[in-house]
Amino acid sequence: MTLAVHLLSCTPEPDRTVAAAARLCYSDASAEDLLAKIEEKKVMGFLRHLRRSGHMSPFEHASFSFAVDGISRICSHQLVRHRMASYSQQSQRYVAMSEVDVVVPPSIEADPGLKERFLNLAASSHEAYREFIEEGVPREDARYLLPHGWRTRLVLTMNARELHHFFRLRLCRRAQWEIRELARRMLLIARGAAPLLFDVAGPDCLVEGECREANPCGHPCVSIEDLLADETPL
Amino acid sequence: MTLAVHLLSCTPEPDRTVAAAARLCYSDASAEDLLAKIEEKKVMGFLRHLRRSGHMSPFEHASFSFAVDGISRICSHQLVRHRMASYSQQSQRYVAMSEVDVVVPPSIEADPGLKERFLNLAASSHEAYREFIEEGVPREDARYLLPHGWRTRLVLTMNARELHHFFRLRLCRRAQWEIRELARRMLLIARGAAPLLFDVAGPDCLVEGECREANPCGHPCVSIEDLLADETPL
Amino acid sequence: MTLAVHLLSCTPEPDRTVAAAARLCYSDASAEDLLAKIEEKKVMGFLRHLRRSGHMSPFEHASFSFAVDGISRICSHQLVRHRMASYSQQSQRYVAMSEVDVVVPPSIEADPGLKERFLNLAASSHEAYREFIEEGVPREDARYLLPHGWRTRLVLTMNARELHHFFRLRLCRRAQWEIRELARRMLLIARGAAPLLFDVAGPDCLVEGECREANPCGHPCVSIEDLLADETPL
Amino acid sequence: MTLAVHLLSCTPEPDRTVAAAARLCYSDASAEDLLAKIEEKKVMGFLRHLRRSGHMSPFEHASFSFAVDGISRICSHQLVRHRMASYSQQSQRYVAMSEVDVVVPPSIEADPGLKERFLNLAASSHEAYREFIEEGVPREDARYLLPHGWRTRLVLTMNARELHHFFRLRLCRRAQWEIRELARRMLLIARGAAPLLFDVAGPDCLVEGECREANPCGHPCVSIEDLLADETPL
C-alpha cells in the first residue's frame, strides 16, 4: 500500500446547508425555505462571518467521510485521539497481514543504509509473525512483534467544525509529518467538496495570524497555497 | 406554524456507506472498492448483523439533517438533551415573536373550555410581550412571560447510531407525546432515505422484544407499522 | 426559590491532578509518582504553560459538580446546549409546581408597573395550571401555559476544560445576564476549589486580550476582579 | 515495567453523589439537601433501579481517574477508541525509550522457543532504534521500527456511565486478553471506591443474562466473582 485518501461520501451542498442552518437562528423563515432561496454570493459572506467570530456550531451540519489507506498505526493512534469523529478501522485481530507493508519515515528513506536495515527488520518481524501463526499463535498475539510503522486502513467521518479543529492542530509544523500529510490531503479534498467552508483552514499562524505554541517552529506564517503544495511523499 | 419536519440533507447512499465501512474492519480491500462492489442483497445482511449484535459504530458514518418547524420550546428543551447531535435553533433573543404561536396539548385541545382559557392566556402573554418591548424591555427579557408551549424552529443533525438511540427513548409511550410525534416523523423520513439502516428502530419492546422500564406503559409490544401509523395531530 | 449555586463535589486536588497528568506525557515516571512528588510552585507554571499554548486536554481530568437552584428554564435551555457536560434536571413531568416561582428579569424588576403586570400574568398562569390539573390535565401538559421564566433545579457536571470554554462564552457581555450570573458564581466556586486551574478564565477580551465578536459590546476589556464582582441580583 | 493500575483520583462519595442527582429529577428538594439527607440504605435501591431500567445518565456525575502503566500500544490504541473519556499518554515523540520494554502475549510466553525469538526481535529493534537516533534520526521516526507490543503509560478519566459501557465491551471474552485484564483491574478498583455504582458490571452475559454476540465465546455466563478472579499475568 501507499498512502491514499479518498472522499467516500459527504453531505450534499455542504456550503449552502451550513449557511441555511446558521441563517435560521436569526430569521423568521424555515430552514427549507432558507436553503432554497439563499443567494450564492451571500453564502460566502455568512460562512466567513461565522468563522471569524468563532461561531462554528453550524459547521457541524456538514459531514465528510474519508477512505484512508496506508497510514501507519502510529498515525492512526494519533488520529483516533480526535474524539468528535467516527472511525472504522481494519482489524489486525481478524485480517492477516500477508505482506511486509510498513511506512518508511523520510529521515530513514533518505539514508540507503538505514533504510535497508529498517526494511530488513520489518521483513524479519513479518517472517516471525507468519511462523508464529503457523505455530498456533493467534493473529492478535503475533502482531505484537510487527513494527509500529505497519500500515492500516480506515474510514473516518468528521463534521466541518471538527475538521477545522483537526486542520488547526495537525497542519502545524509541530505535528508529525505523517499525520500532517494526511491532513493536507484531507484539506485538499474537503476544499474540493466545500470550497467556502474550507476557504481558510490550517494552523493558528495561517488562520489567526499568530502562533500560540510555547516552542514555535521558527518558520514564517504559512499561506494556504504553500501549505497545500507542501507534499511529504509516503 | 404547525409541526413540520423535512429532511434538509443526508449522506448519499447511507445504507451502502455504512455497510462498506463495516466490511473494511474485516477485509483486506479498501473502503472505496468495498463501496463500489458490495452487492445490494448483502448490504441488508451486514446491517442486520451489526444491529443485532449491537456493533453500531459503523452506523455513525451516515448523517441526517432535519428541518424542524413548530415544536414547542418544552419539546426542544428535551430534544437538545441528546448530546451526540448538532443543533441550530431560532433565537428568541434576536427574532421577534410577532404572533401568538403555541402548541396546544391534545388533553387541552379536547376540552373547548380549557382550550379557550389556554389560548386566552397565551394571547394575554403575547400582548404583554409586545407592550413590554414597546416600553423598552429587550426581547430577550420580554420572552420570560411567554408560555412554555411557544413554538420554535431548528435544524438538527444526528448520525444513524444516535438516531437509533433517540428512537429507542423517544418512541416509547413513556416519552411525552410531542417529542414522540417528532420522533415518529423523523423515523418515517429516515426510513425513506435509508430503508435498511432503519429497517427496525423504535422502543425496547419493538427492537428487543421486551420493556426495561420500571413502570411499563402496560400496552403490548408495538409493531413498527403501528408505531409509524400512530399520529398525534399537532 | 432564589438563585443558589453550590459545589456538590469535585475531583480532590484538582490542580495537582491535572499537572501530574500533563507531566506524564513528557516524562519517564508514572503518574502516581508525579502526583506525589510534584512541587507546589511548579504546578502553577505547568498549568499556565498549558493554558497559554492551548493544550487544554489535561484539564479534562478534573471534574466539578454543581447544584444549581432557581435558574429559569430559559437559562437551563441555553445551559444544556453545552454538550460536553452531564445534567440531571428536575422534571416538570413528575414534580408539581406548587407555587409561583419565576425569574423576574432586571429590566422588568426595575419598573414597578411592568413588574406587577409580569407577576400577575405569572399568577394567572399558575392558577390555570393548578385548575387544569384538577380538571384531569396531566402535569406535563398543564405546564405548557407556565411562563418561560419559571424556575428549575439541576445538577451539572463539567470538567475544567469545558468549564473554561463555558466561561469564555457565557461570561461575555453578549451572553444573556442570567446565564452570565450563573457562570460568574460557578467561576467563583471553581476558583475556590482549584485556584490554579482557574487562575485566568473568562471571555476572549480577558483571556486573549481581544474580542472576536462581530458586534462587540463596546466596553473595555474586563479584568477578572471586575468580572467576579459584577453581580446581577436574581 | 509490568502492568500497574492505580486510582489517581475520583469524585468523593461517588455512590451518594449519583443517587442525590438522580433523586433531584423527581423531587422538590435541592441537590445539596438530598446529598446531605439521603439514607445509606436507600442509595443502593436508587442505583439498582437506575441501572436496571437503563437510566444511566446520573452515573455521569461520578468520575474516576486511573494511572495505567505498562500496557502495550496495541492495548492503548484499542483503549482510546472509547471517546467518552479523557487521556494523557506518554509521548514517544518526546520521551526516549531507554530499555527494551514490551508486553509478551501469554500464547508466546508459554512457548520458550517463541518467547526467545520474540524477545530477540524486540532487542534487535531497540538496538536499531538507539543507533538510528545516534545517526540523527528523530525519536518520533526511529520508533517506527519498535514492535507494536511496546509498553506505554497513560492517565485515563471516565465517568461511571462510560465505565459501565467500557466494562460491558472489554470484560467480554471476545475482547483481547490485554484490555480485558486492564478492565478487570479497573473494575476491582472502581468497586473499591464505589461499591454500589459498580455492584453489577461486566459483559452482557453477566449484566443482562444473555449474550448478543453473533459468534459467542461458548462459555456459560460468568459471575462477577469469577470475572474478577480471572487474572491474566502480564
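First chain written, first letter: the chains are A, B, C and D, and each begins at residue 1.
Everything below uses one rule, namely that contacts are C-beta pairs under 8 Å (C-beta built on N, C-alpha and C of every residue); 3 or more make two chains touch, one makes a residue touch a chain.
Since this is a predicted model, take the numbers as computed values, not measurements.
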Contact-pair count is greater, between B-D and C-D, for C-D
Quote the value, from 0 to 180 degrees and to the nearest 5, of the angle by which the CA atoms of subunit B must be rotated to coincide with those of subunit C.
-> 180
Using CA atom averages as chain centres, what separation in Å is found between subunit B and subunit C?
-> 27
So how far apart, in whole Å, are subunit B and subunit D when each is placed at the average of its C-alpha atoms?
-> 34
Could you list which residues of subunit A touch at least two other chains?
-> 87
Specify the contact topology among the chains shown, as one of line, ring, star, complete or other.
-> complete
Subunit B-touching residues of subunit C, taken from the complex the two chains share | 72-74, 76-77, 80-81, 83-84, 87, 93, 102-108, 111, 114, 117-118, 121-122, 124-125, 128, 132, 135-138, 140-141, 143-150, 176
Subunit C - residues contacting subunit D, complex | 4, 6, 8-13, 17, 20-22, 24-28, 30-32, 35, 57-58, 60-61, 63, 65, 67, 69, 86-91, 94-96, 98, 153-155, 157, 159
Can you list the subunit C residues touching subunit A in their complex?
-> 49, 52-54, 212-214
